[in-house]
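Heads up, the next two complexes both have chain A, just with different partners, chain B and then chain C.
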Partner chain A sequence: MARFVPHLVLALGACVMLLPFYCMGLTAIRAPSEIFDISLWPIPEDFSAGRNFAKVEERVPMGRFMLNGVIVCAGILIVQVATAVPAAYALAKLKFPGKALFLALVVGALCVPMQALALPLFVGLAKAQLLNTYFALMAPFFLSVFAIFLFRQSFRSYPDEIIEAARLDGFSEFDICWRLVLRGSLPSLSAFAIFSVVAHWNDLYWPMIVVRDTALAPPPLGMLYFSDAESGADYGALMAGATLVTAPMVLCFLLARRQFIAGITMTGVK
Partner chain B sequence: MDLTRTLTATPALALHGVAKAFGGTPVLRGIDLDIREGEFLSLVGSSGCGKSTLLRIIAGLETQDRGTLEIAGRDVTDVDPSDRNLAMVFQSYALYPHMTVRENIATPLRMRRLPGAARLPLIGRLVPNQSDTRAGIDAAVREAAEVLQITPLLDRRPAQLSGGQRQRVALARALVRDPAAFLMDEPLSNLDAKLRAHMREELADLHARLGTTFVYVTHDQVEAMTMSNRIALMDAGEIAQLGTPSELYERPANLTVARFIGTPQMNVLPVEIAPGGTVMLFGRPTALAVRSAPGPATLGLRPEDLRLARTGWPAKVLRIEPHGADRYLTLELPGTGAGRLVLRQYAGAEVIPGDGQVHVDFAPERAHLFGADERRREVAQRAEQVA
Partner chain C sequence: MTSLDLSPLATIPARQGSRRERRMMWRALAFVAPAALLMLAIYILPVLVLTGFSVTDYQLGALDWSVIGLGNFERAVSDPVFLRALVNTLIYAALVIPLGVGLALGIALLVHGTKRTRGLWEVAYFLPVTATLVAMATVWQFLLHPSLGPVNAAIRWLGFEPVAFLADPALLIPTMALMGIWQVLGFNMVLFLAGLTAIPKDLTEAARLDGAKSPVDRFLTVTWPMLGPTTMFVMVTTSISAFKVFEQVAVLTKGRQGSETLLYAIYLEGFEYAETGYAAALTLIFLALVLILSVGQTFKLDRKVHY
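Take a look at the complex of A and B:
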């Protein structure tokens, strides 16, 4: 019996977590007349999923928003990994003067919230005439101190003797970093990829600041336009849009779940 | 002078005044060492003596603060590790975990013989004119695997191998590149005792077969004694003695060497050198004399050089430890204040009396004497005693 108690508690917690998503999905398939029905019964009297999703499709370019999201998330992730992996390797495995200081700066930078930087970044991008571009959406996130820190923790556990054997075998530091050490930290890489993609896919704050053009809007901003525009109280359609925006992330997590959990538990990041 | 002799006399590795300190703590204090072509040289010492650091400096993984290093007459002080043509076997074997055994062994050759683009995964195969090189690498890998009898393991990954098998793969990876010298950093210390003894034999065989220079770091004097042509015994960042295993055993240059080499350890007893040179043990003259100023000294006696006798020093047997053919007796010399002694004798020797009371004596020609500075002193037997 005692074995089931923790599972029961966790299952209740999961229900609480999942309830809003359930409601979202439910609203997306209900007719307007049923929307404020308190019942959680999964089968609506008037099945209106088709109507709600069609409304999303006809009113806003949801495909375009999704594509924007993919471009922005992929661009950010690629540059983040390309810069964070060498930095983390240097901090974890190389000896150089000032290493402790650099690490302290990285940890310090973790404490700076995005909002504190928003204004100077906006002004800089405006002066450079780069507002309303994909670059403006991505640039502030190219350097991720979180990634540097996460990879450093994970790289530190890579055996030094293998790195030394590689040096004797003729591997360059670049080869060692990308082909051996990162190879040994793939769970961390996928964990970070999920963190990064989820954060930037769902980000509304920064796109709202730098983008005015609907054609550049990532999904959450697109949703905002959608609700602003005319839908007003058409919650069914709104939730259908939200479902569409959320679905890729859920799929993404389910596919990489095992790797993600290995990456988190291995590095001790919570 | 004979020219060929001069040429062959170039040492495989030569170190001149190599010194290294870590954060102000000296680890190596100016090491001079010539390692001969084709010899098996062991660097032995207790932990912290600097032996591993010295090996890493030879490999180029660590940079010395002072001193130079030559490989086959070429100064390599500022040469990258990969260009020194040395192969190293690590304590943890350091196999690449994501590669198969075959790829592990091929890696040093791929890195040297294939251009960068041809080494890339997947697209590397598309680089033209590499088929001969690849065939050559495959052949070399097969040959190395054959030598170490790991051919059936070639397609496995390191995680699927036992410690002994990993050890062989690490050796194969080292020998496939035909290096100027093999550097080994305690390669057997992660194996169990039985496998270690077996691998000792195999390493000695391998050395005999390849005729390549081996530099072998160990803290285990048995490994050093059984495999080496010469041993450099290190202590506190210096070479305490360099010589053949029997030289170190028979004529240890100082007390550190004497204590380190040999199991069980050499027995040491405090003695006095009387005016005139007679060595006095517990106030009684021994059969030994030394040409040295009077004063305190240390007498060193190997366990096998002690013997039970009718006369000699009265002793009490505390423990008898049978070792098959031999047995070790732990003795105490009552009333002398000296520590316990270990005596090694043939297991079928005379029965020890029930009360353990015996007399112990030693073979004077096998005794070692160390002065107050712990250095070896040559002893002679006193003529009147011999008669």
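Take a look at the complex of A and C:
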């Protein structure tokens, strides 16, 4: 008996945790007439998923929002990796003047949340006439001090003898950094990639500041436009929209659970 | 002859060495340059500009502005909206930190005791962490709807009066905290599970032999002290994320009925009302609060990786 009590408690808790997902999916496939039906029976009388999802696309360009999300997340991740990997390699394995200062700046910047920099960055982008562009959506995130810190820790454990041998074999520093050392840190790279994509797919604050043009909105901002416009009338379509926005990250999580948990929990900097 | 031969042999490698070293140094600087330039543009200049704005009455788009010293900070401490936002954020944090940490510890202890079903519980409790909060806040809005939502249906079924979660001003912040706790639980649970796995089994066994018979005794003598650093880390990350609460306000109330939080008040002043100078001062106050919390976190992060 005592063995079942923990499972029972966990199961009850899990039901509460999953209830929003269940109701979201259920309402997304129910007809509007069934909205007053508070039962949680999974099979709707009138299967209306097609109608609800079609309505989302009718009201707001949800496909466009998702595409924007993909463009922004990919752009940010590529520049983050391209700038952080060489900097981390130099910090871990090379000597240069100002190294200690640069490392101190990286650690200091780890403490500064993006929201604290939003105002001057916004004014700068406004002065440069760059608001309402993909560039404005991505630019503040081009440097990930977290990536530099993480990769530096990981690169430091790479054996110096192999680097020295590669140099003697005529490898360039570029090749050593990208083809040898980074290959030894692929778990860190994939964990960081997941962390970055999840953080920027779900981010609302910055897009809300720099984008006024519906055509450029990433999924969370698009979802906000949609729920504001709907003002609580058509929950079937709203829940269909929420399902679309949430689905990519949830599906990736279900497919790559271990890497996901590693990626998100490697940092408290959420 | 020999001395003439020896001197070049002795100097050439040294000169080559220093030339090579210098070349390596330039290579290293080239590797760091892009990140260093971005550091300047994204962190250093903005922090300086922000500090500069905070002592002016600059409004975005205005042609003239003047330095007003600490005027913006004086305005902040007597601004009822800002003070309300600060109090709301503190109430939110006071709900999310103990419940988000305490419940997560409880769940982690239970999950740690299971074997075959562990993966299942991890998925169930971690799922909200990955979900887009804006979308899920819309779902919660529906769940808590006074007449259509299943939560109030359950409350009515139990024989109570329906609760106006999203209409009663006194309940707005607690309702947002409910969503915050729901989202942060899985994250904290995973951190606690990692901490629990790191506790050596022999310690628990030794405590059992020393007379710590009940699980509660063993928890108090071994698990809780050993979890100290993890608990500290979880508390700090939870408080930082609590101070950044924004999405729930944007979806549910837009700050109406006195439900602004710190970040939402800053958003309104800086980006809706274009009160750049005043918003900069508020941002500095927000930054100071977060820095106090995160200095501890960075030390922890550093130590976790070094040792």
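Odds and ends about this structure:
The criterion applied here is as follows: the second predicted complex is superposed on the first by the 214 of 270 C-alpha atoms of A that agree within 3 Å, B and C clash if a C-alpha of one lies under 4 Å from a C-alpha of the other, contacts with A are read in each partner's own complex, and residues count from 1 in each chain.
Everything below uses one rule, namely that a residue touches a chain if its C-beta (ideal position, glycine included) is under 8 Å from a C-beta of that chain, and two chains touch if they have at least 3 such contacts.
All values derive from a computational prediction rather than experimental measurement.
In the superposition on chain A, no contact is made by A:Ile78 with either chain B or chain C. When the two complexes are overlaid on their common chain A, residue A:Gly184 makes contact with chain B while staying clear of chain C.
Once chain A of one complex is fitted onto chain A of the other, the partner contacts of A:Leu255 are absent, as it touches neither chain B nor chain C.
When the two complexes are superposed, the chain touching more residues of chain A, out of chain B and chain C, is C.
Shared-chain residue A:Ala165: touches chain B; no touch with chain C. Residues of chain A that lie in the contact sets of both chain B and chain C are absent, per the superposition on chain A.
Of all the residues in chain C, the ones that touch chain A in their complex are 21, 24-25, 27-29, 31-32, 34-36, 38-39, 42-47, 49-50, 53, 60, 107, 110-111, 113-114, 117, 119, 121-136, 138-143, 145, 147-150, 153, 182, 185-187, 190-191, 194, 233, 236-237, 240-241, 244, 246-247, 250-251, 263, 266-267, 270-271, 276, 279-280, 283, 286-287, 290-291, 294-295, 297-298, 301-302, 305.
Taken together, the chain B residues at the contact with chain A in this complex read 56, 59-61, 80-82, 86-88, 90-98, 107-108, 111-112.
Across the interface of their complex, chain B is touched by residues 159, 161-162, 164-171, 180, 183-184 of chain A.
Taken in their complex, chain A has these residues touching chain C: 6-7, 9-10, 13-14, 16-21, 23-24, 27, 35-36, 38, 40, 82-84, 86-87, 89-91, 94-97, 102, 105-107, 109-113, 115-124, 126, 139-140, 142-143, 145, 148-149, 153, 173, 177, 198, 201-202, 204-205, 208-209, 219-221, 223-224, 227, 232, 235, 238-239, 241-243, 245-246, 249-250, 252-254, 257, 260-261, 264-265, 267-268, 270.
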